[in-house]
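Chain IDs A, B and C follow the sequence of writing; residue 1 opens each chain.
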Amino acid sequence: MRSIESLGRYIIRFLEEFGRIASLLYSTIKQIFTHPFDIKGILKQMVEVGINSLPVVLITAAFTGMALALQTYTGFARFGAEAMVGFVVAISMTRELGPVLTAIMIAGRVGAAMAAELSTMRVTEQIDALESLATNPVKYLVVPRFLASLIMVPALTVIAAIVGILGGYFIVVVVFGVSPAVYWHWTWVYTEWKDIYFGLIKAFFFGGCVSLLSCYKGFYSAGGAEGVGKATTSAVVFSIIAILISNYFLSALMFA
Amino acid sequence: MRYISAELKVGIFALIALGILAFMAFKVGELDWLAKKGYTVYAHFNYVGGLTVGADVRVAGMVAGRVDDITLKTDKVRLRLFIHEGVRIYSDAVVSLKIAGMLGERIVEISPGSKLPLLQDGDTIVYSLKVADIDMMLRDISELSIEISRLAASVGAIIEPEETRKAIKASIHNLEELTYNMNIAVVYNDKKLRVLLGHMTELIEANKEMFGAAMANIEEFSLYLKREGPILLESTHKAVEEIRAVVEENRVALKRSIEAVDEITDKIGRGEGTLGRLWYDEAIYESAHEAIEDMTRIIETIEEFEVFTTFRGGYLTGTSGREGHLYLTLKPTPKFYYILGVVSGPGGLDGDREIEFSAQFARRFKDSDKFRDSVLRAGITENTFGIGADQFFLDDRLKFSADVWDLFRNERGTREPHVRLGIDYFIFENIFISGGVDDIFNEERRGTYVGGGVKFRH
Amino acid sequence: MIEIIDLHKSFGKNHVLQGVNLKVDRGESMVVMGGSGSGKTILIKHIIRLLRPDSGKVIVDGRDMAELNEKELYKMRKRFGMLFQSAALFDSLSVWENVGFALLRERQMKESDVKKIAIEELKVVGLTGVEDLMPSELSGGMKKRVGLARAIIHNPEILLYDEPTTGLDPILANTIGDLILELKKRLSVTSVTITHDIQAAYKIADRIAMLFKGRIIETGRPDEIKNTTNPVVRQFISGGLAASGEDLEEVV
């Protein structure tokens, strides 16, 4: 009896949470189109989400591309298909690893910061203060973060993809001595616009996911300093889980 | 350092990201139209075998454009090809589908032709070769069989002269013995063949996908057979009937030996999927599916007993005539085999065409290290006793041949034996080109020959 | 001006407000006293609809706060100024941006003009030269004063003070009290102050209300409260700052 009760409680809590996320998304979207448009806030968040995340994304992408090339090369060399490594790296980076790794990095770096910042504002009454100053906190806090992520995660993904490909280039061409022309040729010959485009759709979706979930966790946190910590951790965890699960479904939907 | 505003940072960042995106889009061909000027031509195919939009269009192996669009019209597939500026394609260009690269990448190859006018934007390339060029090969075969049929009519004339008849008598005696031996060989191998074919069927069943590509070709082949088959059959039938009639008229022994040959082909036929079946069994045309299965079996039969059919055509400069050969190679073991052949070619200096038979026993010294690629042949070469030797190179792709026959020739203008030296080179698995010198010791008829042919393994 | 009618609010099983009735007249300075955890902050947040009542009404200037749509609500909130217990300055903005926040959001003025006004406003609360600092660089008392400057920059009609003197030393608390009094005189605003600081309450209140166990148990002018016969209120007054809800419960 008790276990069924607690199961029911979990389900209700889950649905409540889901409903709150949905309603936050709804008011976020509504506020995007409500005058005035806070370009300054968005720019500030774009710097934070995009430019300040660049080093970590670049490092991750470069080393992932290199590792990918290394492994693929070892395998492919066994049947003389070294030249195809470029293609494998390119398609992996554009379709899968570029968007997912970028989004995970953003979740860890920016998502955590968003949750921490918003939950701190919540527990120190800054969000109430915004309300009292006739400012919609969703518009002031969530919209710029959401929009900045929607724009910057795809942008970072593009950069991550090319850096990953360059990482692969470094391994295959510089380390293993495959001809650069051959590597480039095979990198592009099979890669389709679709791969890049769908990768960007994913990144766009992930950007929205990470910022929405992180803002949600921060926005509705409670319980002082401890609440801030909790909100931060669960924002990152939920974001990453959401990325990985939705990645599968997006892949299945788009590439299948 | 000066303070960099958020606007500037974001602006630079956005430019970089957009720049990379544009670069990648350009690289994968999406923005081709931005960078490269060119024009569009169309081509039509019955079957494009997995060609995709974006595939390379090559001229002489060089990338010269890409496939822009593939649309299915009522009975044909229309390709829209984007050709880079500066690539000239003439009105008699031939477009074909090729497989390039180790992963079986499908590409479009254009042989640009030479006949003016040049193709303009929106024009269509009229000539298109089918996948794997099987159609072409079959057209050759068809032509060849008509040739054979035509020449069979003049068999009578060959056998008419007394001396020829004598020669044939001797030859046919040999042939009789030879076919008797072959008969035994075939019977001996028959059981084995059946078992192996059984295994093959299982293997093919289990690996259907693997043979997908082969199946596709075979499908094309069988479709072609369905269409062109009756003509082919009719021609062949006629040829055989005529030969048989002529032979019956002339010599009982010959008849017997020919019947023995028939028996062999019958047996091969019953052994499934070989020439006999191909030629006599109407069922093969009844359903395309059956044909596919049989053909697949034929192609995939990997075992000791091998049967090859070789068609070859050539041009002789010495007599300014065309020459056609049809060989059936029966290979019970890799070490020794039999070659049965019909040859049509220019007759004497009077320009008549004549048909001649060949039947040879060949021995390949597989067991010797030194001569593993050497073959000695002996038997009947073009109606008289002849010997020959072959030397193979490059995993049998390249063959040097020497043949001597007509040792006691007594023709107008010459008494020297007929000697021919030649080279065959397989440019593809089934297609070869050949060239050489014919009738070396006969000043009047000496000349080079060039040609080519197809060889099937069953 | 402000009328609270039978206000109930629960958080989970905790029934915090159990039918609060309070009326604040225009221009009046109302101080609500109560122990920690008595729901004072909850009460004041209802006035500006930071919280919505479970039942009951908050009527401001004749309008039911619960019935305002978003646009009307924000319009209404512009008539309010609120000083939060912890000042609630925006960490990411500088002092002058905090003070000028309401004006910056309205986008009616140039930033440089807003800054000038903010500096003026900071002078009013007794601060100079801090406009370009960040909130984290300020002491607790300075934060409160910046918060006050922020609350009054848009000339609100109603000021809400949540524990304006809490956490400050007595001298500083006195200064803040003076400041509130001065503002009241100068701006002639209606104000609601929440505090458990009795001295401050006597100083700034026109009327004092005592919140206990989710209800207003006594309302009166400061001198009436001083001489009340209500044992809970007496206990609270004599217990001073230390009095809490639990302690008082024993008295009842």
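Following the convention adopted for this analysis, contacts are C-beta pairs under 8 Å (C-beta built on N, C-alpha and C of every residue); 3 or more make two chains touch, one makes a residue touch a chain.
Bear in mind the structure is a predicted one, so any value in this text is a computation, not a measurement.
Chain centres were defined as the mean of their Cα atoms; on that basis the chain farthest from chain C turns out to be B.
Located most centrally within the structure is A, per distance between chain CA means and the overall CA mean. Centre-to-centre separation of chain B and chain C, using mean CA positions: 98 Å. In this assembly, the C-alpha centroid of chain A lies 41 Å from the C-alpha centroid of chain C.
Chain geometry summary: the mean Cα position of chain A and that of chain B are 57 Å apart. For chain B in complex with chain A, the touching residues are 6-7, 9-10, 13-14, 16-17, 20-21, 23-25, 27-30, 54, 56, 102-103, 105. On the chain C side of its complex with chain A, the touching residues are 45, 48, 50, 70, 74-75, 77-78, 80-82, 84-86, 88-92, 101-102, 105, 107, 150-151, 160. Within the complex formed with chain B, the chain A residues making contact are 40, 43-44, 46-47, 50-51, 54, 80-81, 84, 94, 152, 154-156, 158-159, 161-162, 187-193, 195-196, 200. Chain A contributes residues 36, 117, 120-121, 124-126, 128-136 to its touches with chain C in the complex.
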